[in-house]
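Following this line, the structures themselves.
Shared between the two complexes below is chain A, which pairs with chain B and chain C, respectively.
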Partner chain A sequence: MPSLRRRAGTSLLGLASLAAALLVWDRFASGAGRGDVASLDAVGRLLVDRHELLVAAAAVTLGEAALGLLTGTVFAVVAAWAAHVTAGARGPLQHLMLICYAVPLVALGPLLTASVDRGAIPVIAAAISAALPVFSSAEAGFGAVREGLRDLLTVHGAGRWRRLVLLEVPGALPYAIDGIKFAVPGALLGALIGEWFGVERGLGVLLVSGLREGQSDLVTAVSVLVVVTSSAVYALFARWARTVQRRRGITGSVT
Partner chain B sequence: MRHTGARRLLGYGFLLGLLAAGWTLARAGAAVPALLVPDPARVAESLITKVVADPAALPLTFARALAGTVLGLTLGTVLAIVSHLVPILEPLTRVSGMIMRCVPVLALSPLIATFFGYGGPAAVATATVMSFFPSFALVGAALWRIPPALLDVIRVTGGGRGTILRRVSLPIALPELVLAAKLTSCVGVLAALTAEFLTANDGLGALLARSQGLLDTPTVWAILLTSLAGSLLAYEVMDLAERKTRARLSLHKN
Partner chain C sequence: MTARRASAPSGEGEAGIHGQALSKSYGSARRAVHAVRDVSLKVRSSEFLAIIGPSGCGKTTLLRMVAGLETPTSGTISCWGRSPAELAREHRIGMVFQDPALLPWASLRRNVEFVYRAAGRRPDHERVHEALDLVGLTSLAHLRPHEASGGMRQRTALARALVMEPSLLLLDEPFGALDAITRRRLNGELERVWTAVRPTTVLITHSVEEAVMLADRVVVMSDRPATILREVTVPLARPRPTVLDETFRDTVRECMEALDA
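Let's look at the complex of A and B:
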């Protein structure tokens, strides 16, 4: 019950903060000389009038982010497993993941433009952005599997692959899902930035074209949509992670 | 600690060697277009003449990234202390933590630019916003984790809220502030570069946008490698600072 009250308090304060921020925003937009900042009214109108365009763009971006998240997750989980079973591989793989996290996507974009199909750039960028959180969590998951259970399976004749399928993957799953939850904003960020490089549709395209053409209402409306979409997808994954953890008898965040 | 540092250096050396080998193989085999993998000598030349030596490129971006990161960390810490002193504001820390986790703030740099102005201000503001949330959430959470026994000791010896803040809260929050600095050290350069790419006429980001238009891949590679090296160096420095802070305060990671 205190947890429920705490969550209700946080939600209320969140709503109050949002209302205060919107009020400050409106005052700021209506202030003299702030032509660059769109008023709430203009943003609301644009969200309603051009909802078909915005929803279609959001669907494209979400699709790219989902594909990138899937690719990044597969890559990160395989890397985490390799780090776990191969002596000496952990350090270089950790460095590789850190480099993925630190690589400037805006600098990678022009290089990818010259080498791959432009439609693939958002997916590649999303995969790169999502890799580190999933790798860290999956690595912790493979490490959390009890040695005794491994020994038990080995004694019963299970080889490396059977141990992986029967014990290590199920054991690491709640951790990996927790990592995927944290990778969601990264995947969306990668898809959005990837769309700045010659792609024809998506929220990232609208964001940049709005900025270049001075349409601050479009920039703001797309930003609002990005925040809402990201929060909703994150909440969805958080719920999935909680369900998996509850079924496995794990309480709280696993990482 | 010295062994950890040597191992990390060895790891980076290994990856650098791998990159050099891959680069040489890609050029020799002609499997990848020469436009994508240019001559290393041309990359080095671009690195020196266009990126490092030009005062309107690397120094400007790094200065903006540093200014934004320091400003964000300071603002986050000050607001965390204020919300700690005014308990009704405590849930703000949680809300901030939620934003930090579920919103891709860097993708909102165009919106930040419309609020704070294009070019340099947008770069500094984006780095500030990116650094604000981690410091506010982490320092704020640490301030609420003070052991009650310590508070009792201070109160029994006649200390007030100021003494508690100075002698207990801030030392406990310090490693979290350094951790926030470590988490944001990588993204400071990325934030400044991204904002400059879209809105500025100077800095590494603007140079990147120009180079992309001219298909000048040696310069794009030079910017990518410089930015990556800057981010990783900042991360490693802050990682060392975090380990030293925790060791000095006899705290262990997690």
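Let's look at the complex of A and C:
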């Protein structure tokens, strides 16, 4: 019961915060000389009237972000494992991940345009944005496997591959999921920015088009969609992470 | 419960474990830290040997060398004529650590089954059931480690160590982190289980009473680098008496005197 009450309290607080934010936004948009900020009403109308266009664009961007998130996660987990098992590789891999994450994606655009198919750019951009959080978490996960379990496998003559499959991957799982949770908004924004480099469909294309044509309601509607989608997917992964952690008796965040 | 006697690897009779002039040091030659120095040790087949000594004296290092987890800087170890690594490849070693080292995502039963997977084999469910029964966990085997008490977790680790019928059982302070009451109860259970199965056993412990209660022979080691100070034969019959008699107290005193010397 107290848990239910606490959950209801948290939900109410969340709703109240959202209502307050919307109220501030509406007051700001309706203020004198603020024509470049769309009103709540205008954004709401656009979301209803042009929902087919927005849903189609969101599906494209989400698909690219999901593929990018998957690619970035696989790359990050493999890199984290390599850093874990090869002492000398840890530092260089950490630097490589950091550099990839720190380079502005917009600056990478021309390089990517010249070297890969334009349709792949949003996926690559999403993967780059997603990799570092997953890498950091997975690396911590591989390191968190108990020494006694490693010794146990050695005592039974298990090699590196069996240790990876039986111990290290399942052990790193809650950490990786926690990292993916934080990588979701980055992947979505990466896909969005990647769409600016010659792709024909997607939320990024709508965003650029809205900015060019001064359609503040379209720009705001796309932003709202991105924030809502990021929050929803983040919440899904957070729930998954909590479930996995609860099953393992882990309290609090693993990272 | 049909406990099966552990068998020594074929054709080796009473030879058991033979560590010859074992030394282990860490670090560079100039700044080497000597954990173990020139220790020779024999453990007969089906013997229960306890090693006691001051904290940090190198007992665990010695045990890890026997398990093949550490390579001696000098000296040799033979387990029924094989190297520890060969014995490990044959899955003839069972080991229990101070930290039970259980998979947090698996039930206690799955944790016992885990050694089969570690060995690249399919779990023998009958043996798993027997091992769980041996340590009194059959009805609680569905629990996950975080739902079990410290004693249950350590009993799971013991069942896991015994399930593949090892020739060599290595116990590294298995009850060191438990409270005195649980520890005393588990000592009794370990003695009962060991008497039923009789694998060649090496126990590392800080507790002189625990060593005398469980072992056939107690090796007393010096402070680091570990060397053998004295070997004390325990003249107590099995099963060990629950009421501690004069012989028990004398043996404990003998070990204590060796430690204090």
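Criterion: the second predicted complex is superposed on the first by the 242 of 255 C-alpha atoms of A that agree within 3 Å, B and C clash if a C-alpha of one lies under 4 Å from a C-alpha of the other, contacts with A are read in each partner's own complex, and residues count from 1 in each chain.
Here is the rule we use: a contact is a pair of C-beta atoms (placed from the backbone, for glycine too) under 8 Å apart; a residue touches a chain by one contact, two chains touch by 3 or more.
All values derive from a computational prediction rather than experimental measurement.
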First (chain B), second (chain C), both or neither touched by A:V155: second
More chain A residues in contact [chain B versus chain C]: B
Contacts of A:Q94 with chain B and chain C, given as first, second, both or neither: first
Touched partner set for A:R247, first chain B, second chain C, both or neither: second
Interfacial residue positions of chain A with respect to chain C in the complex: 146-149, 151-158, 162, 166-167, 170, 173, 244, 247-250
Chain A contact footprint on chain C (complex, rising order): 64, 67-69, 85, 88-91, 93-95, 97, 99-101, 103-105, 114-115, 117-120, 144-147, 160, 170
Contact set on chain B toward chain A in their complex: 7-8, 10-12, 14-15, 32-33, 35-36, 91-92, 94-95, 98, 101-104, 106-108, 110-111, 113-115, 117, 186, 189-190, 193-194, 197-199, 205, 208, 211-212, 215, 217, 220-221, 223-224, 227-228, 231-232, 235
In the complex, chain A residues that touch chain B: 9-10, 13-14, 17, 28, 36-38, 91-92, 94-96, 98-99, 101-111, 113-115, 182, 184-186, 188-189, 192-193, 196, 204, 207-208, 210-211, 216, 219-220, 223, 226-227, 230-231, 234-235
